[in-house]
Structures are given as C-alpha cells and as structure tokens.
Amino acid sequence: MNHAILSLVTFLPAAGAVVLMLMPRNDHVLRWTALITSIVTFLFSLDIVRLFDYSERGFQSNMDINVPWILHVIHYHLGVDGISMWLVLLTTLLVPVSVLVSWKSIHDRVKEFFVLLLLLETAMIGVFLALDMFLFYVFWEATLIPMALLIGMYGHERRVYAAVKFFLYTMVASVFMLAAIIWLYTHTHSFDYATVRQWIADGNANGGSTLQWLFLGFFIAFAVKVPLFPLHTWLPDAHVEAPTAGSVLLAGVLLKMGTYGLLRFNVGMFPAQAAANAQWINVLAVIGIIYGALVALVQPNLKKLIAYSSVSHLGFVVLGIFTLTQIGTDGAVYQMLNHGISTGALFMLAGMIYERKHTYEFKEYGGLATPMPVYATFFLFAVLSSVGLPLLNGFVGEFLVLSGTFQSPLPHSMLFSILGASGVIWGACYLLWMYQKVFYGQIHHAENKGLADIDRRERVSLVPLVVMAIIMGVVSPFWMKSIDPSVGNTIPKAAVAKTKACPGQCAPAAEASVLHKISATLAGEKQ
Amino acid sequence: MVPLSWYLILSAILFSLGVFGFLLKRNIITIFMSIELMLNAVNLSFVAFANYWNTHQAKLASGANVVPLSGHVFVFFVMVVAAAEAAVGLAIIISVFRTRETLNVDQVNLLKL
Amino acid sequence: MNPIQTVDYIRILPELVLGAFGIIVMMADAVLKPGQSRKSLGLISLVGACAGIAATFCQIAWMHRDPSFTDPGWFGMVRVDNFAIFFHLLIPAISAICILASLEYLDAQNIRSGEYYALILFGTVGMVLMSSAIELVLIFIALEISSISTYVLAGYRRRNASSSESSIKYFLLGSFATAFFLYGVALMFGATGSTSIPEIRAALAAGSPNLLAIAATALMIVGLGFKVASAPFHIWTPDVYEGAPAPIVALMSTGPKAAAFAVLLRVLFATTQTEWFWLIWVSAALSMTLGNFGALVQNNVKRMLAYSSIAHAGYLLVAFAAGGDTGKSAAIFYTAAYAAMNVGAFAVVSHFAAGGERYVSLDDYAGLGRRSPLLAFTLTIFLLSLIGIPGTAGFFAKYYVFQAAFTGHSGALIALGIIGLINSAVASYYYLRLIVLMYMREPVMAETPASATAAMRLALVLAAIATIYLGVVPNRVLNSSQAGAQDLDFTNPGKIVYHIGQPVAPATPER
Amino acid sequence: MIIHQILFIIFGIICVAGAVNLLVQRHPINSALSLVVVMASLALIYLLLGAEFVAAIQVIVYAGAIMVLFVFVIMLLNAGSEERTRGSHIALFIGVPGVVVLAGTVAWLLIHSGGQLGSVQISSSDFGNTQDIAHLLFKDFLLPFEITSVLILIAIMGAVVLGRKES
Amino acid sequence: MNQNLNLWVIPLLPLIGAAINGLFGRRFKNAVVSTVALLFTAASFVWALRAVWTAWPGGGISLPYIESHGTWITAGSFSAPFGFYLDQLSMIMVLVVTGVGFLIHVYSVGYMAHEGGFYRFFTYLNLFMFFMLTLVLANNYLLMFVGWEGVGLASYLLIGFFFQKDSAANAGKKAFIINRIGDFGFLIGMFLIIQHFGSLNYADVFGKIASGHYAPELGWGLFTAIGLCLLFGATGKSAQVPLYVWLPDAMEGPTPVSALIHAATMVTAGIYMIARSHAIFNLAPHALEIVAIIGCLTAIFAATMGITQTDIKRVLAYSTISQLGYMVLACGVAAYAAGIFHLMTHAFFKALLFLGAGSVIHAIGGEQDMRRMGGLRTKIPITFWVMTAATFAIAGFPPFAGFFSKDEILGATFHSRFGGPVLWVIGVITAGLTSFYMFRLWFMTFFGEYKPGAVDEGEEAHAASAPAHAAHTTASHSHGHADDEAHGHGHVHESPWIMLAPLVILAVLSVVGGWVGIPQFMSGGQNHFEHFLAPVMESGPPTSTQAAVPVTGNDTISTHAGPPSEENAGQEWLLAGTSVAAAVIGLFFAWLLYFKRRDLPGRIATKIHGIYLLVLHKYYIDEGYGAIFVKPLLALSTVVFWHGVDQGIIDGLVNGAGSTSKGIGNELRRMQSGNIRSYAAWVAVGGAAVVAIMIWLGVGR
C-alpha cells in the first residue's frame, strides 16, 4: 500500500477524468464528481505526510515505486522527498479549490472543463513525483495541453493568442530540456535521476563545457516556466485571459514546476554549473523582482497586475535557489508554497469579482469595500500574505530567501540581497495601490453599489487558503522539518565550498574588505 | 572493340535528353514520351552491363557466379512496367484532358503554393 | 522435386491473400448494379486486409516452426524476416483503416465503382512485397504496383479537375523519379554484377569504394527519396495530397511511404553509410525545415498535412543518418507511429471534407469541438501526436529518433538532432492552430457536419488507440523494430520476437 | 572489330538525333515518330551487344505496342502543336543547368571509370539466347514474373476506371 | 527565576479580542464590541502589571527574564523562536503601551460611538495592541520585526479607516509604504546580524558583543553598518527625516488612533529599537553621530512646520515628529534612558493632547481647522483644563512632565561629544518653537471668540493659495461626522465622561509623570528613572573592545550614566534655566500674536511671503518626493519597462520570430509554383546535387 500511494495520488484525478468523460452531460453531477474526486485525492495525499519518514534525508524509500516501463531503461519511478511532498499537497489543495471557484463561472462545456482540470492535476502531481527523467518529461509536457486548452476554451477575449503563446513559449523551451535528457541518457544509459546525478557527481562527463550546455538546456525550459525575466511575457497574457481556475493553477502550481525543476535538476544535478552560473541567474532574478514589481505598479488591469507580481515573487524563489545556501533554498521552497497559496487566493478573488463585473479593469472598480465587506477582508488577507507580512506565510519565505542570499558565499550576493529586499517595498507599493483602486474611495459606478458580497461557496473555497496562509506563517517548522533535510540533500556542498575557496572572489573576504575600507575611511576622518 | 564507356555515355546522353524533354516540352504526351526515352536509356545501360559481365566472368561475393543475363531480364521487366505505365499514364492524360480541355502542362497548375 | 516448396508460398502468403481478395472484389463489382453503393465491396476488402494480417500471423507461426523460414525464398527474391513481418503487419493495417474511412467517403463523393477497393488491395500487395523483397527487380515491380495503383486512386474523383491534376502530377513526376531509380539500379548492376541486395551488400563490403556504386546509390536515393517525399524531392507532395481523395491521401502518405522507407532501409544499409551520411543529413535537415515552414502558412488542411508529412520524412531521415541498430530501429518504429497518427488525421479530414471535398479549409474546422466532439477529440489526439506530445506515438517515435541521433556522440548528429528538436517546436504552431480552431473558435460553417458512420468511428478509434498505445506502452513494437533492425544486415538468422499468445520476452536494454 | 565501332557510332548518332528531334518537334506525332526511331536504333545497338531477345522485344513491345498506344492517344485527343507558353522559368534557368551538371558528373564518372571497365564485345553466340533467358525468367525470376500479373491487372483496371465514361 | 511570568498572554489577549470582534463583531451590538475590546485590553494591562510587579528588580526574578514558546522560523542553522523578553526597558514600554492603550480604548468607546464600522475599529485597535506588545516583548529582532510590521499594518488600516475618503486611503497607503522603506533597512540590518552572529536573539547577539565574540577586524565597520541600517528602519517608523512625511497625513485616521499609534506608542518603536540595540550603537560612534544629527534635524524641521499649520491635528502631528526627534537625539548622544524617559512622558501628554483635540473636534462637530475655533475655554472647560496641562507639559514648564525629560535630553546633548553645544542650541530653539506653536494652538482654540464657518481674515488669502490644504479641510467635513453636522455649529458641547475620564487620568500623568526622573542636581537624590534603567543600559561595551577599536575611546561612548559631579550642578541649573526661558519666550510670542495682536500673524506672513509659503507647504517635501521618485518611477515603469521592454522588445522579438517564420514559409512556398516542369526541375536539380555531392565526397575519400 505504501508503495502504491504515490501512484494513487497521481492517477486518481485522471481516473476521475475518465469517469467524467463517460458520464452524461448533467452539469451538476459533473461538478460534484469533479469536486469529490479532487477532495479524495487531497485526502489521499495527506497520507503521504503521514507516511513521511523524517529520518530520511533524500527520497522516501518506503513510498518509492520503481518498475521498468519501456525497454527496461525507461522506468516508471515515482518518489517523494520533503520538497516534492509539499508541492504535491499544494497541488491537491488547489485543485478542489479551483473546482469550487469554477462552480458557476463555467457553464458551457462543463464536462470538458473538469476533465481537463483533473488531467492537469495528474500531470502536475506527476511532475513533482517523477524520478525518471523520461517520465518527468512526459508529465512536464502533459501539463501543457490541458492548460492551453483551459485558457483557450474558457478564457476571455484574447484567449487564443494567450493560449498559443503559452503553448509555444513553453514547448520551444522544453525541447532544450529534452535534448539534454537524451544526451544524458546516451551517455549514462539511464534516465534515473539518482543514477544520472551520481554519474555527473563522479565526474564522468568529460569537460565542463558539455555540462554547461546540459545545464543551459534544463535551465531554459525551467526559466520559461518560472518565468524568469526576460522570458516572462507569456505570463501576463496567459493569466489575463485564463479562466479563474486556470489562473489559480497556473500561478499556484505550474510556475512552481519551473522552480522545482531548477532546484531538482539545475542545482541538484549540476552543482558546479549552478555555482558557476549563479551570478547571471541571480542578476536575472533580481531584475525580475524589481522589474516585475515596477511593471505591476502601472497595470490598469487587476489580473495583469497579479501576473506581474508573480514574476516578481518568483524572482525571489529563483534568487533563493541560486544562492546555493541552505537557508536561501529552504526559503525558496517555502516561498513556492506561499506563492501558491497567496497568489492562488488573489486569482480566485479576481475571478469572483470578474463573475460579477465581467471586467478586470481598475477603472470599473473602486469603493467595493462598501458593498462587499467580506470580500474585501479576504482580499486584504491575500494581499497581506502576498506582501509578506510577518505571521503570514509570505514573510517566512521572503525573509529566508533574502537572508540566505545575504549570506551566500557567491560573489555579489550581498548586493543581490539588498536589491531583492527592495522588493518588499515594491510589493507593498503595487499591492496596496491595487487594493486602494479596487476597494477604497467612493463608488463611481452606480451598478457597483448593488454588488453582492461573496456567498457561502466562495467563502468555503477561500477559507482553506486563508487558513493555510496563517498556519504557514506561524508554524513554519512543521514544513521545514521535512524541507530542510531534503534541501540539504539537494544543494551542493562541494560546489559552494569550491567557490568559497577561490581566492579574490570569495564573498566573505570581499565583504570584509569593503567593511574594512569603510572603517579605514571613517578612521581617517576621525584622525 | 567498343569501350563500354561509349555505350554508357550514349545511355547517359539519352537519359539527359529525356530529362531535358521533361523540362522543356509543354505537351503532356511528349513529356511522357521523354520519360520513355529515359527508360530506354536505362535499358541500354542494362544491356551494356550485361554484356560487360558476360565478357568478364566474375564471382560474386557470395561465391556464386555473376549472372549477366539478369540484366536482360531486368530490361524485360522494365518494358513490362513501361507498358503498364503507358496504359495507366495515357488514361490519366485522357482524364486530365477531359477536365481541363488542354494538354499543355503549363496550364495544369490548379494546385499550387 | 519441385523447386518451389510450400514454405515459399507461405513467404508470400499475405500477398497471395490480398491479391485473391482483390480479384474477388473485382468480380463482385461486376455483379453489383452500376449505381449501387459499393459498401459491400468495401467490407469484402476490409476482410481481405484483415486476412492479410492473419496471413502474416500464419507466417509468424511458420517462423516458429521452421528456422529456415527467414532464409531467402523464391531463389533469393524475398526474405521474410522480422523486418518484413513488421511491415507485413503494419501495411495491411493501414489499408484496413483506409478502407474503413473510405466506406463513408465514397458514398459522400458519390463514387460508385468497386475497383477502388481492388486497387487498394493490389496496391497493398505491392507495398507488402516491397518490404520483403530483397532483389531489386522484385522491388522495382512491387514499387510500381504500389505506385500505379496510387496514381490511379489519386485521380479517382474524375470529375474533379484538381483530382486529375493531382493524378497527372503524381504520375509524371513519379515515373520521372522511377527512371532515376532504375538508372541507379542499372549502375549498381554494372558495379557489382548483381541486383540482389545481399549480394550488393557483400560486394560493396568486400570491395574498395567504387564510384559507380556511389553514383548508383545516389540515383536510387533520388528515386526512393521521391517516394518518401524527402527534400529536395518532396515538391510534388502538397499538390498531390491536396488534389487526391482524402482517404487515399491517408493511404499514400503512410502505406507506400512506409514501404518506400523499408526499401530505403534495405538499400541504404546495404551500402556504406559514410558515403551517404552527409547527403541524408542535408536531406533530413532540409525536409524538416521546408516541411514545417511551408506548413506554417497553409490554409488547406490537406496541404498543411502534406507539408507536415514532408517534415516527418525529415525526422525519419534523422534516424537514417544516425544509423546503427538504434537508428534503424527508430526509423522502423517511426513509420508505424507516423502511420497511426497520420491515417487517423486524414480519416478525420476525409469525413469533414464532405461531398466534393468542399470543407478542407482550416477555417471550416472552427468550432468542431462543439459540433462533433468525438471526431474533434480524436483529431486532437492525432495532432498532439504529430506535435510530439508525450503519451502519444509521435512523441515516442521522435524521442527515439533523437535518442538515436544523440547516441552517435558525433557533433554533426547532435546538431541534426537539435535542428530536429527546434523544428518540432516550430511545427507545434500549425498543428496547434487546428486544435485552436476546433476548440477555441465558434463555427463559421453554416452546414452542420454529418455525423460519422460507425465504420468511420471505428477507424478513428482504432487509429487513436494505436497512437496512444505506441506512445504509452510501445515495448512490443519496439522489440519488433529492434529485431527488424538487426535483420537488416542479412547475416544473422534473426531471433524471433513475434509471438502469438505468449508474453513478450523482455527486451534487452538499449546500449 | 572496327566495324563494331563504326556501327555503334552510326546507330548512336541516329539515336541521339532522334532524341533531339523528339525535343525539337512541336507536334507530338512527330515527337512520337522520333521516339520510334530512337527505339529502333537502340534495338540495333542491342544486337551489337549480343542481346537478341531484348532487341526483339524492344521492337515488338516498345516500338510496336507502346508507341502505337501513344500515337493512338495523340490521335484520340487530337492534340495539336504545342504552344510555347512560358510556364516555368525554373525549368529553364535552374533545371537545365542542373541537368547539365548531372549529365556532366555522370559522364565524367563513366569516362573516369571507363578505363577500369574495359570494353565490350560480341561474345559467344549463345550469350543472350532466348533459352537462357527463359530459364532465368521462369526459375530465378519466377516470382517477379508472376507478380507482374498484378501490375498489369492494376494497369488495366486503372485505365478502365479513368477512361470509363461517367455513369 | 523559576517563576513563569507567561508573558505570551500579554500580547495574546488583545489578539483574541481582535479575533472575536473581527469574526463576529458584525453581528454584535456596539456595547458588546466595546466590552470585548476593553475587557481584553484591560486584562492585558493587568497581566502586564502583574508581570512587572513580579519581576520588579530585587524580586525573585533575575532580569532580563526570557521565555520561549517553540520555534517560529527555522532553516539550516538559523532559527528564531516565539520568545519573550522582559527587562526594565520592556517593563516601561509594556506598561506605557497597555496603560495608555487601555485609556485610549476607553476614550474611543465614546468618540467612535456614532461612527460606522465600530467593530472594525476595535478589531484594528486590538490588533494594534497585539502587534505593539509583540514588538516590545519580543526576545529577538525577528519577532520584534513581526510587531514592527504589524503595527504598520494596523496603522495602515486605521489611517484608512474612513476608506471612502480618498485622502484617508492615500494616507494609509503612504504610511505603509514609507514604513516599508524603513523596514527594508531593518531587514538588511537583521541580515547583517544573522551573518555575523548567527542569531537574532538579543541574548545571543548582545552576549556575543559583550564577550567580544565577533571578528575583531570586522567589528567596527560592521557595527556602523548595522547601526545605520537599524537607524534607517527607525526613521521610517519614528517619522524621522527623511521618512517623516507619512505622519502628518496619518492624521486622516480617527483621533484616538492618532493619539495611540501616531503619538504615544507606535511611532516610538524606533526609539525603543535603538535603545534596545544600544550595545550595537555604542560600538558604532559614527552611527550614533548620525542618529543624533537626524534627531536634531527632525526636531527643528518639524517644529518650524508646526508653526504654520491650521489643522489642529496636524499641528500635533508635527509636534510629535519634533518630539520624536528629541528622543532620537537622546539616543544619538547615548542618553538612552533620557530618550525612553521622554518617550514615556511624551506618551502621556501627547496622547492627552490628541485626545483633547479629539474632544474639541467632537465638541464642535468634526471641525479641525483652528481658525474656525476659538473661545472654547468656557464651553468645554474640562477639555480646556486638561489641554492646558498637556500644553504646559510639552512646552517644558516645570514641574510638568515634559520639563524633566526634555531637560534631561538637552543636558545630555550639551555634555556629549556627539552632540555638543551646536545640537544643544538647536534643541533649545526647538523647545522655544514648541512652546510657541503649542500655545498658538492653545490660544487659537480656547481663547478669543468662537467663529464657526469663518476663516481668519488675515490668513484667508494664504489659505486660498493653498488649495490642497483647503481641500483637506473640506474633506474633513465630509467624513464620518457628517451626521453630527446638525448639532455641529453653534451647539458646542462637552464630551461624555467616558471620554473625559481618560483625559483626566492622562492629565494627572502629564503633570506628575516626570517626577520619577527628577535629575540629581535638583532633587539631590538619584534619578530614579535612570537608575531603574541603568542595568539595561550599562550592559554596554566591555573595555576589551577598546583594543579592537582604537579610534573610539571609551569616553566617547559614555552612556551618560554617571551622575554629574557637584561642580557641574551650577551648569546644569543654567542649562535647565535656558530651556525654560526658551519656553517662556515661546509662550510670550504666542500670546502676542494669537491673543493680543491677532492681526499680526497675517502681516508677518505677507511680509515674508516666500518663507511663509515654503513653511506652509512643508518645504514642498511631499511634492519633491513626488517629482523626484514617484513620477519618474511610474513613467519609467510604464513607458520604458512595460511598453518598451515588455511589449516592445521582448514581445516584439517573440511575435517577430513568429511572423518571420511565416515570412520564410511564404517565401518557401513560392517553390510550389504548381507547374510540373518546375517540379521536375527541382527533382532534377536535387538529383544532380545528390549525385554530385556523393561523387565528390566519394572521390575525396
């Protein structure tokens, strides 16, 4: 049973999708079936937590499943560690919520919608659990279709452009990853993550330039998904046009697939390259943080603003991962979960107002706190969680990321940390600006006066996220005790040590000299 | 004694003339005839090579003798195929002529781009 | 003692069965009234195609009984080995699905002549024979059988100008290319003294590089390259596919192509790979690029799929360039995968085209996801497979090809692999366009598409199942293709990988 | 043996001349007749090569049957002189040079390897006799021979299908 | 020591109150809401009293008392607990916060009685209490940061309480964002501390500093860097130059909020933080110097701006900034105890002033413009008297509370090497200005004639030239008090007792609150306050650091702990006298200009029109920030980043790649001319190429 749990969680939604496909088109029944399927999946996924063995730093051997699939080299290999476990749970949590939020907003082609949603869930879970690179790629690509269809079929005016852009961007990028995977296979004759990782660690790859290319192959695929500046332009379009559930899952889970990949593959498999490339990647991450925030600041459209805020937030995650420090990476993983919760909630809230107003433009809003106080309160929670208010989840991640960056031995990381920390200012700027635009002031549009506040179903769908935001903000060790060892198992030790050893570039030394300079100057003044 | 290469070059010339015919003639039937010309050129090569192998009795890699006459047999089959092609080809030409009222290939260009 | 033994007849059993059914169809046609629907003939021919598959199973049974079965038969004319068996199963299956798709199509186009099915069956005879023939004479004749039948079938909508144009173009250019092929055969005969592939192989392996043989190979590549529609000999494809009846395009884009690839495999790997490596490299790169970029701007579904088929020929040639057991095996597997998805796609096209093939523009596909969910769904599967989305035949086939390319560890091959991967990403755009139209646009076509007949549904479901099967659990087929690849060198007696009613022996890990 | 060379040159020139005439003539009938000339002289060259059987069927099947079919169709369709339309610049400006290159390469190759190949001669009179061919055809090449029936069947059927009047 | 104080209860109680009111308050009656809020605040106060009582120095508990309740954040080697910390410093803070906080809660029940969103108000207020208590009770910087950010949030919510008013919403947002800018500095400071001390716990950090467990070659520069970062944080929270701009706008909030958050408690968090980190600052004399300068600058700068304001709450706001400047100055001269002392007294009298102002506003129906007041002395006598006490206290008249604390600071400034006479002079001038504008307020509000609806003739022209200001005053009309409009003008009434009682208590405290810290030279005994805090403040730098930091002699970082010697007593008296004199001068001018010769201000204003306008518009700092930071940033984001980079370059490239591909496709398909001969030509050319390439390569081989 233990060995089946991962497969069960992965394929239960797909099974549900098949059942849905065969059911008659009774929308109500379909909705309930989808909801029940996703909730049952969530409950099963809780069992993973129950079975989790905290004494094991790497992948959990008690849940591991590894059977030959194609030609004895491609395996059906699922495994979970402290990093992927929570991402799976995030997925299984967000899907029922997405089902709820689509309850009424989807009234046309309901069956297709839920089928796609559940298929998407299977693919997403699979991405996090797959330990065979071929299988990983299969799931990775499998997320594309349902998502693109969700955007394209149920989206808004420019949905087709957005769907195609999303699809092509990610498709083109993941091709490079496929090339890298195949290359690795042809040299290692294995797709197994651990095997290949060991092969590289043993120094079997001849020459750093090959590894550099492989690193880049994986990196491009993940960077687009994250999305890292300057590969982010698909995101605003996709988000704005996507239906609410699509946005929630896109921001909540799909983007995490990118950062998860960066951590698992780019850092986990190519530690030396990760250290060598961390510089410019961190530059991009920091640009992403600031750039995303600044562009978010001037968006006239609610969803676009949230989309750009994702660019900014995911910049933190990437920054944390490529500090290659325990603290920074812990924070990054935690931030992945946080972002899923808070941005997921924001998109749901945006969807609820869209259902009432059929627009995301700020100029159509204003003063909504008066007719919709409960809604405004939920929104405030999501905003604060996103802003990174202490005791809510966002803070823990951001703090750890920045703190880790600050202490990273990589060169210039202090500067990155300081620039990244300016993100806390930008975050407040655009989110409060948004909140004010939507909720404060007088009501300018007469029809807004009569807007109905959110109903019971909508509250039910929001409550889990709000509760999670608080719990994760207060008792983060509950998560950290499993994340921390797994991160320690993933991030390189040798690579960082190596960087540390390099003369002249070593950060503490550089920083020491800076401080020394300051003190010398000040001393000179004094004398 | 005629050098083999003479025959082969004659064959190549005829083949090229056939290709030129295809490229330059406008009438579909003539183009088809050009193809026949090409096939004839090939036949000439076959026969010449058959004669050559007959002159130079050699062993194949597998140890069997070279069978020079298989060149002749090949020519025989080429002719059969040419005949069959001619039947079908001319039927197609008739069919084209029925729908287009022309035999000029330059005017048979409905499908393009 | 009769030099022709029973086993020799078994070696051509599928051809015999198919031919017999072809003749039955012809005879039965004469019995039917002129204006009557030819559905019954279609069913007979369907049985024939299935009987062809059954005959192949009979061959497999013989294979188990008689180890000498895989020896050349008919005085060195045919060799029914794992390689041939693969295509003996594949090609009649393609024909069967095409026949299923034709049942409805012929009625819709008001075509009432039973020769159609007979031609398909006879063409299948040629194709099947191409895969087992190891003598250039027989290959040539088999090639002509399959070609001539498709020339005729392409022009089957006789009242339609574009159909006959398609036919004449195919015919003239096909004959033109055949002449090149023949010229190559002639030179090869001159160079080696034989037209038997094993002999040629042995001669070339033994002797020093022979310019005449090289020229011969080049000319044969021209002829066969034309048949498989690889650049720069692809030029006929879009026009012919556009004009020909849709089910026939389904057939000729897969069946004769698969057979031609089989011949190409037999011929090319009988010669020295280094001689044609760069040629195939360039051809593969060109095919992929020209095909995909050409398809980007098409507005006619059939034309678009024609360009896509050029591109897929390119992917297949990557496997040729890669060579080695993996490369050959990848090429063999690709033919099957491509057949599954492309037959399906054209079957859907033939359904939606309706009478007179009116609706073949991309825009006509708008909103089909709503109007014909099943057909749109299956077409989506085929398109996804053509894109190369994991879980479908197209993905695994492509993956396998690129894996073969990377296995070479040579810069040129890796470069080719990368070109291929980028191309497949570009290609996703135009396939996606169709999906987008079906699911994300509202219908513009006033006419509601007719619902598909049971036969059509069956055809689509079968093709879809094959597509998914090859993508998810390709082990069985992979084993066969690997064994087939090993049989291409004619030396080993060939281990038997086909089993009837027995579990598949575990395949050896690829190295 | 100089006589062989002289005969080859004569027939070769006739062949080429006929082929060129095929290109030059504008009426298909004239082209067809030129082709007959080519085929006939080729038959004679076959004889020079000792291929009596092939020479015979060249005349009977090719020059006889096939060309008659051509002439028949030309007459049937009442094809006139061909118009000098300018349909394809590519054929002229790319195709022709291409073919020149092709022919040049092949010719160079043949001359180059001609030395290795040596010469041909009319060998012992029993080479290429019908009996040997028959042995070959009905034993070694039995399968192709039989399969040809399918080819011909298809050809007949195709011709019938395409040529048949619309019902 | 073994006794468990359960400090965690103190912040938790208001949180429970906030939760109850927040979740269910909408269905409660106002009475229930206020009961809940008051109950939990009072309980918190009582618990705090109990804790302080138990832990009082000399009791059974050794200070600092630390308790820990599990881990909040942990990652790698780093971890931060939910831990609480009680020493003399936090005792004072916790009592001030809960005490004043409770009084203001009581007051609010009356003040907010007629406002919408009653439950919301008390939810926020309780939430604020929770965060503020977390801030002062935390045992590590990270938890302090929780409170730090949290009070910012509460402030945001409460400033924007009347969210339908754009100005209120804007002010809330501005407060939060500017606080965030400060928080940024705090964060960096924390990163530096983690990096070098591996922990954020006070005990660890200060312990390591005390024992010299830090890299000596880093020490000095490091502490300067940390100090400056923390100072930056403090400038945000405590409204110092250059980040003070949010505080005047924060007056958009209800008046009790201004009293509690923007006068008594939250804004003093920065001072608390600096005092808490004195161990770090003591090792960073340059940072201290900058602290002192910023404090002094803020004090005088804000005081000048206070002079021209006509909105009663804004005057108090600038006054608050100015007083906070004093406190920061005190910290800057290492007189932390004096800073905390002033913090405490200021909490009493400034809270009182705000509440009094609230009472005035309440009395006259929501009017905040002092030019429309006057003569209220008789109409609301109790308010008048308590306000008088507070005014004298802030102006620094002995024996009011403000005198002692201010004098303490000025004295320390004079003696300190960081301060010296220059800063002292500025401080004294500021004291004079404080006195002036406070008595200006006093006279304008309570003396003369009551003139509702009027604008002083003398200032009318200038008021008109300040449209923003005018708009503000009209806007304040329209806020929640609109329903009081009926009994607004001409129907001036004293506030109910629920509002007056806190006023009275605070008034008493304003008078006597300073007596706990009567300096030695006056009383002859010891300065009790300073003595009380001494154990905290003296746990400063050990002498061993001297070697590591040669440029900073131990004398420079004296903590102003030692009592001045007998010979200095005269000088002390002189200094005290000077500051009192300054206050008297201020009082005189205020009397002259706003009581005796009420036409004079207008005439002076016209005479020095430029300067007047400059000051009236607060030196155009807001506009300057707008022009220098906000507008260019928005333009940059819109034009360059969004339209330029995003849509122009990146999407341009992406879409360009698409259209280029299509273009290539279009070119390529021209090959497909439809002409068979052309096709044959391609095949032939292809064939030629194939043969040629293969032969060529074959020959080459």
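For clarity, chains are labelled A, B, C, D and E in written order, and residue numbers in each chain start from 1.
Following the convention adopted for this analysis, contacts are C-beta pairs under 8 Å (C-beta built on N, C-alpha and C of every residue); 3 or more make two chains touch, one makes a residue touch a chain.
Note that the structure is predicted; figures quoted are calculated from it, not measured.
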Intersection of the contact lists for chain C and chain D: B, E
Steps needed, at minimum, to go from chain D to chain E via contacts: 1
Two chains sharing the most C-beta contacts: B-D
Chain separated most widely from chain D, comparing mean CA positions: E
Chain nearest the global centroid, as defined over all protein CA atoms shown: A
Furthest chain, CA centroid comparison against chain B: E
Geometric centre distance via CA averages, chain E-chain A, whole Å: 36
Whole-Å separation of chain centres (CA-atom averages), chain B against chain C: 26
Distance from chain D to chain B - Cα centre to Cα centre, in angstrom: 6
Whole-Å gap between the CA centroids of chain B and chain E: 97
Per-residue multi-chain contacts in chain E, two or more chains: 658, 669, 672-677, 680-682, 684-685, 687, 689, 691, 695
Chain B: positions in contact with at least two other chains: 8, 15, 18-19, 22-24, 26, 31-32, 48, 50, 52, 67-68, 70, 73, 77, 81, 84-85, 88, 91-93, 95, 105-106, 108-112
Overlap residues in chain C, where contacts from two or more other chains coincide: 137, 141, 144, 148, 151-152, 155, 158-159, 167-169, 172, 176, 190, 211, 215, 238-239, 426, 429
Those chain pairs that satisfy the touch definition: A-C, A-E, B-C, B-D, B-E, C-D, C-E, D-E
Residues on chain B engaged by chain E in the complex (per definition of touch): 19, 22-24, 26, 31, 105-106, 108-113
Contact set on chain C toward chain B in their complex: 136-137, 140-141, 144, 148, 151-152, 155, 158-162, 164-169, 171-172, 175-176, 179, 182-183, 185-187, 189-190, 192-195, 198-199, 202-203, 205-206, 238-240, 242-243
Contact set on chain C toward chain A in their complex: 369-370, 384, 387, 389-391, 395-396, 399, 402-403, 406-407, 409, 414, 417-418, 421-422, 424-426, 428-429, 432-433, 435-436, 439-441, 473-475, 478, 506-511
Chain D contact footprint on chain E (complex, rising order): 673, 675, 677-678, 680-682, 684-685, 687-689, 691-692, 695
Residue ranges of chain C in contact with chain E within the complex: 168-169, 172-173, 176-177, 180, 209, 211, 214-215, 217-219, 221-222, 225-226, 231-233, 235-236, 238-239, 274-276, 278-279, 282, 290, 293-298, 426, 429
